[in-house]
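In the part that follows, the structures are each spelled out as C-alpha cells.
You will see chain A twice below: alongside chain B first, and alongside chain C after that.
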Partner chain A sequence: MDKTLQTVSLYLLSHMGLIFFLYPTDIIESVNIGHWLPILTGFAIHLAVIAMYMKGMSYFPRMDLVDGLRTAGNAVAIVLLLPVAAYLVMICVITIRAYSEVVTIVFLSSTPLWAIMALLLSISTYVAMLGIEAIFRTALLLFVLFIPLTVFILSYAFQNVDWLYALPVMDTHTATFAFVQERSFLLSLFAFSGGFLFLGFVQPHFRYKSRSILWSSLILLPLFLLSVYLPVLTFGQNTAEKFQFPFIMTVDTISIDWLMFDRISMFFLLSMITFVILFLATVMWKLIRIIRFKWNAKPAVLIPALSVALFVTCMNIPDWKHVSDLLWWNTFFRIYVMVIIPAATIVIGVRYRKRRV
Partner chain B sequence: MLLDRYIPPPLKEDSDFFIRKTRLSQLSVNIIGYTSLIDLPRTLELLHKQAESGTVADLNAEAFMESFGKPVKAPDESTIMTTVTRGDILLYFSEHDAFISVTPVPKVLTRSIEAPTTENVLRGAISSLVEDIETNIGMIKKHAATQQLRVKSYSIGDREGKRLSLLYREDKLDLALLRAITGKIESRLDWDVKNLQQLSDMLGFSRWSFVTRFNSTELPQEAERGLSQGKAILLLDRMPFALVVPSLLWDLFAVDNDHNFPVLLMYLVRLLRIVGVLTNMIVPGLYVALVSVNPDVLRIELALSIARSRVDVPYPAIVETLLLLIILELILEASIRLPKSIGPTLTMVGGIILGQAVVSAKLVSNLLIIILAATTISSSTVVGFQNSISIRVFKYLILLLSAFYGVLGLLSGLVIICAYLASITSFGIPYLHFYKPKGDSRG
Partner chain C sequence: MLRFGKPAIRAAAMLILAALLSGCWDTKDINHRVLPVVMGLSKVDGNYNMFLQIPEPTSDDSKMRIVSDSGETVSDIVDKISMNLESQIDLLHLKVLLIDRKYAEEGINDSITSFIRAQDISPKTMVVICDEPLDRFFDAMSKPDNQESTTLVHFFEKNAGWNPQVAQTRIWQMFRSIHSYTNDTMVPIIRSDDSTVIQSRGSAIIRNGRMVDRITPDDTLMINIFNGHSAQGKIEVMDHANVEIVSNAISHKSRVAGNQTFLECHVRLKVTILETKGEPSVAQVKWELEDLLRKRSEALLAKLQKRKADIVAFGQHFRTKIPRDQLAKWRTDYFPYTDINLQFQVIVQNEGNLKMRKH
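After this line comes the complex of A and B, so read on.
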C-alpha cells in the first residue's frame, strides 16, 4: 500500500536532523565567498544519487536492497553490503557521539556524556525494535508536532540578518570548483548521504512514489541554504568561521520580546535532536536487516546487543578530535555508498530484469 | 408428583423459586420460574388470555401447548436450570408430561433510558445506553436506520451464559477486520467475560497496554458514528457502554456532537482538545526541566522570580511536583469514590490545600500551583475518561525524563510516547489512522 506521506516525512526529518549541526561548519570552512555553489553542488549530487538509487530499486519490485543485490549471487551481495554495514555502524557511532557532545556543549554542561549517549541510544533502540512501520508512523507524528515550532523559529532567525554579507556572490576561486577536493566539502556530504539509504529498504513493507520523494527533496534545498546563510548573514564569513557550531550561535542570537523564553534555540535544536533519534532508529533497523541476511537471529535480541556494542564503542572515543577523524575516515565509505551502491542497483537490476523477461 | 423428579434439588431450596398450579383450557399446568425475575400476575393473565383464544377443543393438544412457546425436548435437570435462571418460565403439562418454555412478562430490572452520566452532551441526542442489551441494540438501530446494519449475537461463557453482540455495517466494515473479530470471538466462546479486561483478552489484545483498545461510549449516536466509519461495535450484556473497535488516536479529540456546531467552531474546539492533551503532558515536565536543569532558557526576570518563590522550598523541583501531582491524583480518585452529598467537602479541602496554604507553608512554589491547576484542567479536555487516564500516566514519563535531562528529556519523552502510540495496532489497524476506510486494513 502507498505510504508516500510517511516516507516523505521520514526522509525530510532524517535530513533535517543532520543539516543544522555539522554541515554549516564544513561549508563555511570550504569556501570564503559564494557558499551557494558548494551547497548546490552537494545538493545536485544528492538528487542524482537518490534518483539513481530509486531507479535501480524500481527494478526489484517488492524487494529491498539486500534481496535485490542477492539476485546477483550471495557472494556479490556480501561484498557489496559489507562496506554498507561498516558505513552504517560508523554513522551510528559518529552521530551518537557527536550529538551527545553537542548537547553537553550547548545545553547540559553538567550532565555526563555517557548519560546523554545512553538516553539517545536507548530511545532509538526502543523505536528500532518497534519495526519500520512504527518508525514511519512516528515520523509522521513528530513531523506534525515539531515542524510548526521549527518553522516559527527559522522565520525568526532572520532577525539579525545583514543582507550585504551575501555579497559578493561569487569569486574566481569558488568558480573553479576547487572546493570539491577540500576535506571540509567532502565532510559536508555527511548531511546528504546519511538519510537516503532507507528508501531502498522499505519496499517489502510498502510502496511510495519516487517522484514525490524527488519533489519533496526540493524542500530540503532552502533548509541547506538557510543553515549556511543564516550564520553568514548574521555574523559575516570571518566571524562565522570561528564558531564550532555557527548555526546554533545564530539561533542563540534570536530574542523575542513577547515570549517568556530567552533561549528558544534550545527548543529548535532539541527538536532536531529528536529527528536525529529517529534517524538513528532507522539506521539501526537497516543495520539489523543487513545482519539478518546472513545470521538469522531475532531482532528483539539483535537490536539491544547492537546498541550495547555501539554504546561501548562510543564510550571508547576519548575526545572531539577522534570524532572528526572518524568522520573523515567515514568519507571513503560515504563516497562508496553514494556511488557504488546506486550504480550497483542499476546494473544488477537491469540484468535481473533481462533474465526474467 | 411426576414433576418432582425433573426439578433439580438446589432449585427447590431457592426462596424465590415457585411452582404454581393452574388450568389452561382443560389442561392442568404447573408453572415454574423465579418470582424475582418475572412479573407473575401479568404473566398469568397473559397465559389465560392466550388459552382462551385457542382452546384444546379447537386444536389438538400438541398444537395448543406449542401456542404458548417452545417445547423443551428431552428435559433434564440442567436444561430446566438454565431456562429458569435465564428468566424464562416453564409450563409443565402433567397429562402429557411435556415442558414448554415461555417468555414471560419480566420484572423491570433495568433503569429506563436516561441522560448519560459520564459523557456530557451539549447539542445532540441525550439518551444514553442502558444495561439491557436488547434496548441498546434497539437504540443503535434507531440511530443507524439502514438495511446494512448487521447484528450477530453470541452466548459466551462456560458456566454462565452472557450475551455479547457484534454490530457492524455490511457496506462499511472491512471483511478482513470482520473475520478477525468474529474468528477471535468464536474460537473463545467458552471464556467467561465479565469485564473489559477479559473482553480485551478474548480479542487477543496485549494486557500490558497503556491505551484502551476499545473506545467505550455511552451514546448511541457515537456508536452510530463508529459504525458509519467502518468500525465494529461490541455490546456486552449488563454493560451500559458500546465498545467501538478499533479505537484510534483521533477518537481522543473528536466526538460526533461536534458536527452540530458550525464547522469552524468544530475545528477550533478540536484544536483546543489537542492543546489540552499536549499541555497536560508537557507542562509539569517543562516546569521541572526549566527550574532544575535548564534555567537559562527562561527570561532572566522570570527565572529570578521563580527562584525567589522557591527560596524556602527545601527539596528539588521534581519532588515538589510529584508531591502535588500525587495529591491531585488522590483528589481525582477520591471524588469518583465519594457519594455526591460529601463531594463538596472534598472540593473545599482540596481547594484549601492547593490554594494558598501549601504555598504559605513553604512546601511548594507559587508557580507550581498554577502549573498543576493548568495540568489538571487540561487532562479532562480529552474525549472519554479512559483516555484521560492514559494521558495522565504519560505525563509522569515526561516528568521523570525532564528531571534527569531537562528540555532534552522532555522532547525525548515525547518521542517515546509518539513511538509507543505508533506501534499500537489492533487487528492490523494502526492506532494513528485517522479513520478506517474500507479496504485498507493494514498499516
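After this line comes the complex of A and C, so read on.
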C-alpha cells in the first residue's frame, strides 16, 4: 500500500514539534552573526543522512531496519541496534521531561510535573499500542487540524521584525565554521536527528516514495530558518540569547486587534505539543520493534511497561540542568545514529543484494 | 491491531482520560480570581509600592476597585494583596504597567527583567510613566465619573484611543532596550486631568532601561515619523495651516570614514490640508512644513545625541559597517558624534474639499 502522504505528514510533524523550542536557543547561542550558516549546515547534514538512509533501506524490499541489519547476522544486528535502542530511550526521556518543563514554564505554572508527564505519556502510549496504522492516521488528522493554524501564527509573527537585525550577513568568525565544534551546535542537531529513523521502520507495512520525502524536507528548511530568524529579527541577537525559549517569546509579542484571543502563543504551543505526543508515540513504537527483535513479548504488555519505566525515570530527573546534561550526553548516540546507521544500511544492503543475485 | 477488553472497560478508560482533558490543576473559578488591568509601581527607599486597578463587573455597568500595598519585591506585594483579598490575583490580563517618574529615572531594569521572567505577565503589557504621585493619579481615576475601568487601556490601543503624538511601548521593547546595542525606546508620560481623565505629557527617553530625559508630544510625533508610525498625525505649520500626515516613507544611507559616522536620512511625507489661516499657497505650506520639520528634528536629534539614547534606532544602519564588538559602544562612542543629514520632502496629496492657490 502506498502511503506517501501519511509518511510525509508524519515526517513533517515530528520535526516541527522539535524545531520551535530548543533548536532556536542552541543556534542563537552557537553564533552571534550569520545564523543561516549553522542552520544550513545542519540541514545539509540532515538531507545527506536521510538520503543515505533511504537509499540503504531500498536494498531491503519489504523489510524494516531490524530485519535488514539481521541479514548480516544476528550478532552484527545486535551490536548495531543496541546504541539505537539506547538513543531512542534517551530521546523519550528527554522529550517527555523537557516538554513537560516547557509547559510549566510557559503556561501551566501551578500544575505538578508528574501530571503533565503522565498526560504526555498516556496519550502517546495509547497511540503507540494501536500501531503504525493509527500513528499514520493521526499524523494526517493533526496535519489537517493544526497546520493552517501554525501557518497563520507563523505569518503573523513577522509583525515586530526589524529586518536590519539580519545584518551583517556573515562575519569572519562564523565563516570559519568554528561553530561546528561548539556544544550548542552539536546540541542543535537534536532537531535534525530525532525524527528520521522511522523512515526505515514502516516498509513491512507500507510503501512510500523516498523522492517525495526528500522534496518535502524542503518545507522544513524555511521552518528551521524562521524558528531562529524570527526571534533574532524581533529582539536582536543580544536580547534573544537571554531567553530560554526565544521563539515562544516572539509569538508572545504578537498582538492582533481583531482576534478575541489575547495570547495566541497558547494555540501555537498546544499544536506543537500534539506533534510532540505523536513523535513520542512513533519513538515508542520503534523502540518496541527493536526490543521484540530478541524478546518476543506482546506489545500490549511491553508498551505499558515501557511507559511506566519512562515515567519513573523522568520523575527522577530533578531539574532543567540535568535535562540539558542528558541532552549533551545523548550527542554521542545522536552522531552514531546519523553516521553509522545510514552507512551500515548501505554496506549491508549492497552485500545482501550481491548475495541474492 | 490491538483490542482492549470489553466495550464497558474501554468506555470507562475514555471517561478517565476525559478528566485529564481540562488540564486544570488547583483550579480556581473565574469568580474567585481578580484580573487587574493596570499595575502602578513606584519605589521609595528600596521599597516598592504597588497599586492594582481591578475591574469589577456588576450587572449594569463595570466598576473598578483600587488596591495597594508595599513590599520588597513585586511578587511579594502581589502575594500580600492576594492574601488580603477574598480571591486570587491573576496578572494574566494585565494591560498597562504604570511607573512612577522618580522610579523610572532611577532605572527599572530589575522590574522589567522580572516581568519578562514571570510566566503570567504578558510581554505585550504597555509601559507608561506617571508624571504625578501614583496615589494622586489613582485617586483621580477612582472618582465616580471616571469609573470606566478600561480608560487607561483604551488610551494606548491602536484600535481605540491611541494617536501618533503618543508613544506606544511594551514590556518586551523595554527589555530589548536594556540589552540591544542599538535600539532604545521611548515611553509615554501621562497624568490625570479634570476634563479628559488622562492627559498626555509627551514621552520619556529611555536609555538602557532608565529615563534620561523627556520630550514633548510634538517631538514624539517626530520620532514616530522616523519609526514609520505617523499616519494620521497632525502638524500645525507656522500660523498658516494645519496638515494631516497620510503616509510616510523613510530611507537611510550610512557611511563610515575612520571613526566618524555619517547618516543621510531622507523622509518623504504625504499630507492633506485640514485647516488654513489666511490664504497660503500650496507651495508655501509645503516649503514651510519642510522647514519646520527639519528644524524640529534637528533640535530633537541633538537632544538625543546629548543623552546618548538612540530611540530612532539609527545604529541599526551601521550594523554592517561597524564590527560587532565596536557596535556595543554605539551609544557612547559613535551615536553622539554621528553627522546626521536630514532631508524632508513633503507631498501635498490633496487640499480637501476646497481649492487652493498653487503658487
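General observations
In this text, the second predicted complex is superposed on the first by the 357 of 357 C-alpha atoms of A that agree within 3 Å, B and C clash if a C-alpha of one lies under 4 Å from a C-alpha of the other, contacts with A are read in each partner's own complex, and residues count from 1 in each chain.
Just so it is clear, contacts are C-beta pairs under 8 Å (C-beta built on N, C-alpha and C of every residue); 3 or more make two chains touch, one makes a residue touch a chain.
On a predicted model such as this, the values are computed, not experimentally measured, just so you know.
Contacts of A:266 after superposition: chain B is touched, whereas chain C is not reached. Applying the stated contact rule after C-alpha superposition, one finds that A:111 touches each of chain B and chain C. By the touch criterion stated above, A:141 is placed in contact with chain B alone, chain C being left untouched. Look at A:133: by the touch rule set out above, it reaches both chain B and chain C. After overlaying the two complexes on the shared chain, residue contacts for A:277 are found with chain B alone; chain C is out of touch.
Judged by the touch definition given at the top, the superposed model places A:171 against chain C, while chain B stays out of reach. By the touch criterion defined above, A:119 reaches both chain B and chain C.
Contacts of A:217 after superposition: neither chain B nor chain C is touched. Looking at chain A, you'll find residues 107-108, 111, 115, 119, 123, 130-131, 133-134, 262-263 touch chain B in one structure and chain C in the other. Taken together, the chain C residues at the contact with chain A in this complex read 1-2, 4, 17, 20, 23-26, 93, 119-120, 122-124, 157-159, 170, 172, 175-176, 178-183, 313, 316-317, 319-320, 323-324.
Chain A makes touch with chain C in their complex at residues 32-33, 105-112, 115, 118-119, 122-123, 129-131, 133-134, 162, 164-165, 167-169, 171, 235-236, 238-239, 242, 249, 252-253, 255, 257-258, 262-263, 299-300. Taken in their complex, chain A has these residues touching chain B: 1, 103, 107-108, 111, 115-116, 119-120, 123, 126-127, 130-131, 133-138, 140-142, 145, 206, 259-264, 266-267, 270-271, 273-274, 277-278.
Touching chain A in their complex are the following residues of chain B: 293-294, 296-300, 302, 401, 404-409, 411-412, 414-416, 418-419, 421-423, 430, 432, 440, 442-443.
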